[in-house]
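In structure tokens below, several structures.
After this come two complexes, each holding chain A, first together with chain B and then together with chain C.
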Partner chain A sequence: MTFLQDPEFGDRIITLMAALVLVLQIAAVGQRWLVSSIRIFAVQSFLLAGIAGIIAYFNHASHIYIAAMLTLILKAGLLPWLLERLVRRIEIRREIEPLINAPLSILIAGGLTLVGYVVAQSFYHPEETSVRGALGHNTLAVAIALFLIGFFTMLNRRKALTQVLGLLSLENGLFLAAISLTYGMPLVVELGIFFDVLVAVMVLGILVFRIREAFDSMDVSKLRNLRE
Partner chain B sequence: MNTLPVGPAFALSLAAYSTGALASLAIWRKPALCRYICCGSALAGASFGGLAAVLGILQGAPLRWSISSGIPLFAYSFDYDALAGFFNLTLAILAGAVSIYSFGYLKEFEGKRNIGFFGFLFHLLLLSLTIVFTAANAFLFLIGWEVMALAAYGLVTFYHEDRETRRAGLLYIVMAHIDAGCLLLGFALLMQVSGSADFASFRTAAGHLSSSQQAVAFVLFFVGFGIKAGVIPFHIWLPAAHPVAPSNISSLLSGVVLKAGIYGMTRVFLDGLGVLPSWAGLLVLIVGVASAVLGVLYALMEHDLKRLLAYHSIENIGIILIGLGAALVFRVAGHPQLAGLALIAALFHTLNHAIFKCLLFLGAGSVLHSTGTRNMEELGGLIRPMPVTAFCFLIGAVAISGLPPLNGFVSEWLTYQSLLAGFGATGGLTRILFPLAGSMLALTGALAAACFVKAFAITFLALPRNAGSRSAHEAPRSMLVGMSWLAMACVALGLGATWFLPAFDALTEQLLGQRIGSNLISSHGWVLSAGTPHGGMVSTSVIAIALLLLLIPALLVVSIAARRFASKRGPAWDCGLPGLTEDNEYTATAFSKALRMIFSVLYQPRREIQTVFDVSPYFPKAIRFESEIEPTFEKRLYVPLKDLLLRFATRMRAIQAGSIHAYLAYIFVTLVLLLLFGVRP
Partner chain C sequence: MILLWLLIVPLVASPLAYVLRKRHFMEAVNLAAFAVLLCLAATLGVRALRSGPVSVWDGFFYADALSALVVLLSAFVALVCSIYAVGYFRHDESNGVFREGEELGGGPAINKLREYYALTPLFVFSMILVALANNLGILWVAIEGTTLASVFLVMFYGRETSLEAAWKYAIIGGVGLSMALFGTILTYYSAHQALGTDTLAGLNWSVLVGNASQFDKPTMRLAFILILLGYGTKAGIAPMHTWKPDAYSEAPIPGAAMLAAGVLNCALYGLVRFYILSAKCLGPGFASHLLILFGLLSMGVAVPFILVQKNFRRMLAYSSIDHSGIMVLALGFGGPLGVLGMLLHMTFHSITKPLLFFCAGNVQQQLKTDLFREAKGGLIHSMPLTGAAFLMVTLAVTGAPPFSLFLSEFTILRAGFSRGYLVLAVLFITFLVAIFSGFLIHIANMVLGPDPGLPPADNCRWKRSSVAGLALVIIVMGFWIPAPLFRLIQGAVGIVTSGR
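And then the complex of A and B:
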């Protein structure tokens, strides 16, 4: 079992998982069923927790295990469950037409991935990288792409619920960036971020209900009527 | 000497304020108990705070406590040096008097208003002031500063059902935020140079400031602290906000919260920015002169008792700034002795103004409490139903007018002496400015005396002008105790000035490197001397004794005359128009008419008389009279500024589409562009 100590092996696993995360993210852009979107997010978070666990294992950073566990419980478990319950309650299964249609959205997502790689390139200095630093240098590019695509999803969708999903995958990108660059921020910061996300989901969950009550629709474009 | 328990006393006072705040909130449902707790814990906090301040001043050496917070740049550091001790003493004297006064004053709130919430804000205000006066870390200071502003906002808008109150509160909070913004920028500049947020590091980094950085920091701090202190032209919030607050709070706002601005200026200008150039001192001096003269001129035209007092706060802040500015000029010119004199004058006036202004506001509060009106034109004759209040108010009025032998006289006299000495000690333009400032100060003093003749006479003398003042009653005993305590302090600080001034030794040694307080006492121990060449000498105690001695022959003459000629009672002389009523009384408007004419360039008075008649103008049915003065600063400076801002805001509305997608798109595009911009080769 020597390969379990080999950083090279860890790097490959992480790259593979990060690639999967990215693929899932792009799949979510084209997805129109709400429940499927939520499940994609859950799987993505599960993979993310895996990446965090592997980084913790190869770097012997025990506090990252806690972050990984939290990701697993909160993002792969609790949040998808909350959101699915919300979907059942408001009885809306499908997203109406997004602002930009699916094929074009996926193209844009591809473009944003490119932007991620361009940006990450400037942080990559192979001559300086130690074995430790080599671990997951691809992940930063994926993380930035994840962040941008998540943001784009928020922009593109009309329903408050799918915007919440966009926000959550955006946050996944941040988490990935933080963990691949710094091998774990101080635990206090991580806890703060988790708490933030949780509160955001709560608030948005309430907001979804309120918007629907007030406007008979979940379409945030209708909020425009509040202007005058 | 380092065995004095300053730290424990200070900690106990913080603890008393904090528990008071929480306890008030916890038991708000029981108003009577809440009132006891509220006033009791504030009094306890003030006593401990006062004890700590006295011990700290006796100790002489600065103390420092610091608890690391784990957050970069932030620490719970407190410096208890002579300056902090002095301002804490001021706070403690006032907080003690106000909490005793509030015991009676809050009784009418029972069942009508939430005393618990009031107590919470009251304690929060006292706590934040204590923190502001002792903080040694820029962020701790700013947190204290903001909490102070918010607590004061809550208290100003306590009678929030009134539209005027809400407007005043809004104006106050806007100005408070501009001022906090200036301070934040100023501290950021200092932090950039020193690399730390600790006040001690600013002191050492002051030498590395370039002259332009120093100038920018000075202007930022001057505007920031100037808004809080209410100097002209940043004063507009003050006459709006102070009168609408409950009276016990008005007295604290005018007495201590304004002084937080003075504290900040003293701390930063004399202690944190290195030696400021002479233009900075002159700017402070000129702004001080403008505030003093304009403040008292506006006060003269005011008929609302509390607004009148608020305008007098502007005047007195001006007098304090005159002393402070003179101290800055003298320090850079190399006259530490004169700088010390001017600084002591400024700080002593700070303490004195705090005490007599608090006293006057409490007096006005008793009047309001008893008659239900602040309008002087409806008051009158209150000296008979409210003799103690009237006497206390009179003491305050004499003190604020700078008449010997009370405390206001001593500090204004010291200010004069430093200005007169400045004529001989400096050259060029400065040489002319000092005697000019001195003459303006003299004008201010005379106008202030005129204004308080008006305020006292119209309010307390002659016949009552409306039903409220006819049925007036004396204030409850606790309110009288609170006021008499301050009145006694006015007398004690006036007569005992020679005993009190050496306490400034540690302060001037810390800020200017010389012990100057003791130099002001001549060898007899009872006589104040300016300690300057050709400087004056004066003794308040001798003046007091002389006044008493003069009183004896006068009393003798009166008593002999009364025995010789039997006293007769008859109607007052009525110019042959029998049946004089209170409508024929001299009014406040009439009293200030002469000055309104003299200074009409400044006031731009407007008068409108409309006569309603049926047949002939010689037989009018009704006459309507309207008179007002132009609010120059509001009209000429703030209204154009507000219009400009609104026009800009209307333009900016185009991008405020009200659509979440548009906002997200703004952020998204900015983000992607910034990312690409950041990595460009």
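And then the complex of A and C:
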């Protein structure tokens, strides 16, 4: 089992998993069933937890194990469960036609991935990083791409719940950026961020529910009473 | 120890208000907690002046003069808002405002009040935490915390429009803050290479500031842009300001006043901390140009909306966008004079803004509308105190002498001229004059004029005392700044300009 000690092997696995995360994100762009979108998010979070676990294993960094566990429990388990329950309760299963249609959206997502690579290249200097070796700028590029595609999803979709999912995938991008750049933020900060994400999803969930009750719809483009 | 007490007091007050249930008790808990908080904040200010930065838990919480100033302002705003809130919500209750919500499933009025009185201390807790956190990651967590605690304040009345405002507030705030988090991660990364630490201290501002010159420059540049966009969203600078008019016009007045005068300071405080790092790493020029651009843009955006505004609650929000623009611009002008102008402005704005909201709240509760069109003028006849205070605070908030905001705006102007930004300074004056005239015309039309024969209002003890008391503070501050407060501001200027 010598390959388990080989950092090169770890690097490859991480790159593979990061690529899968990106593929899932692009698949989510074209997805219109809410439950599928939620499950894509769950699988994505699962993969992120895996990446964090591998980094923790190869760097012997115990605090990343905790971050990985929390990601697994919260983002791959609890949050998707809460969101699916919300979908069942509000009885809306499908996204209405987004502003930009699916094929074009996927094309834009591909473009944003390229942007991610360009940005990552511009300020990432692996030769200057610490002796433990850098994780390759692939992961960072994927992280930035996740962030940008999350943004795009929030602009493009009109259902309140898909916007919440967009926000969550934005946050996933940040998590990936943090672990690939600096092997995670300090643990206290990481815990604080997890707490905030959890509370944010609950607050937004309550809001989605109340909006659905008041407007008989979850379409945020119907929220247009407040104007100049 | 004092730092911990500052955090414990609001944290205890929240569940206490929640379990007590009786309106009088909840009011008393809030008032007592914020009064204690203000005393503690003043003590912290004195300590920070006398013996330099205070810290506990290996510097996990850390307060220098700049933090102490923000804590003091937050505690002050919280206290005056809680005094006003007593009168405001009693009036709401007797007006039957909550009954409408009950039909929509909002629960009886007392539950609404419980929500308010339990969430407000949490809201204040996050504001204090913003100022006391040394770790930039915790700073981010706390600023996000202010958003989460206040979303329910924005949707307090449960109307369709409140839901819409709360949604915009939560989503735009969430996206903005995720950018700020990215900026924080990048700052950590650029410092990580220089410091090589994996420990918690690697994100502590007091550690970072000493080593900022060795940070990776391209990364820091990107980080500062993201921070500016992120915390700028929270401070409501253009073009990320769109949530502000909605949230400010839908939240109950005391909550809106805390957003406008408290959270604004916290967001700018976060920005200032990163500005110091970026100025040390990249030199002041890079941040300055961006700050000036966004500052002037915010002021410029506010002008037309104030001039043609139909709704006086929304007008207050545009005034707040204008003021955050002024402060960002002052920071952009930089130098000791610019920073002094910014911090003076922050102080005076926090004192003046709540009164503007209180007067608007009194008018709204009397007329049951927030549209200028439906206010027939002559309010001063039925509400002599509110009317007079409204006119006075309008002059104060638009920076007319002798009120204190004139002093700070003049300082900023001098900073602009002395740094050679002639065209920008002239633009600054133009915007100020336009906003002054727009504001004054709207408010004067509403307050002055023949008596429309409304029944006399202005008889609630709590509302009267908060309006009159705050008006007195504003008048006094126009002529005299307490020496310790000024020294605290100077100390904070020293921190921003020299980093210690």
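The rule we apply is simple: the second predicted complex is superposed on the first by the 218 of 228 C-alpha atoms of A that agree within 3 Å, B and C clash if a C-alpha of one lies under 4 Å from a C-alpha of the other, contacts with A are read in each partner's own complex, and residues count from 1 in each chain.
Everything that follows uses one rule, which is that a contact is a pair of C-beta atoms (placed from the backbone, for glycine too) under 8 Å apart; a residue touches a chain by one contact, two chains touch by 3 or more.
Just so we're clear, the structure is a prediction, and the values are computed from it rather than from any experiment.
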| Overlaying on chain A: chain B and chain C, fit or clash? | clash
| query | So, A:23: does it touch chain B (first), chain C (second), both, or neither? | reply | neither
| field | Contacts of A:122 with chain B and chain C, given as first, second, both or neither | value | both
| Looking at the overlay, does A:154 come into contact with chain B only (first), chain C only (second), both, or neither? | both
| query | Of chain B and chain C, which one touches more residues of chain A? | reply | C
| request: Report for A:167: first if it touches chain B alone, second if chain C alone, otherwise both or neither. | output: second
| task | Determine, under the contact definition given at the top, whether A:200 touches first (chain B), second (chain C), both, or neither. | result | second
| Does chain B (first) or chain C (second) touch A:107, or do both, or does neither? | neither
| request: Look at A:99 in the shared chain and tell me whether it touches chain B only, chain C only, both, or neither; answer first, second, both or neither. | output: first
| field | Colliding stretch - chain B into chain C, listed as 45-53, 117-125, 423-431 or 603-611 | value | 117-125
| note | The shared contact residues of chain A with chain B and chain C are 119, 122, 151, 154, 163, 220, 223-224, 226
| remark: Seen from chain B, its contact residues with chain A in the complex are 657-661, 664-665, 667-668, 671-672, 675-676, 678-679, 681
| field | chain C residues touching chain A - in the complex, by the definition given at the top | value | 104-105, 135, 137-138, 140-141, 144-145, 148, 151-152, 155, 158, 160-161, 163-168, 170-171, 174-175, 178, 181-182, 185-186, 188-189, 192-193, 196, 198-200, 202-203, 216, 218-219, 222, 245-246, 249-250, 305, 314
| query | Which residues, counting only chain A, touch chain B once they are in their complex? | reply | 99, 112, 115, 118-119, 121-122, 144, 148, 151-152, 154-155, 163, 220-221, 223-224, 226-227
| request: Under the touch definition given earlier, write down the residues of chain A that touch chain C in their complex. | output: 61, 119, 122-123, 125, 128-130, 147, 151, 154, 160, 163, 167, 170-171, 174, 177-178, 181-183, 185-189, 192-193, 195-196, 199-200, 203-204, 207, 210-211, 213-215, 220, 223-226, 228
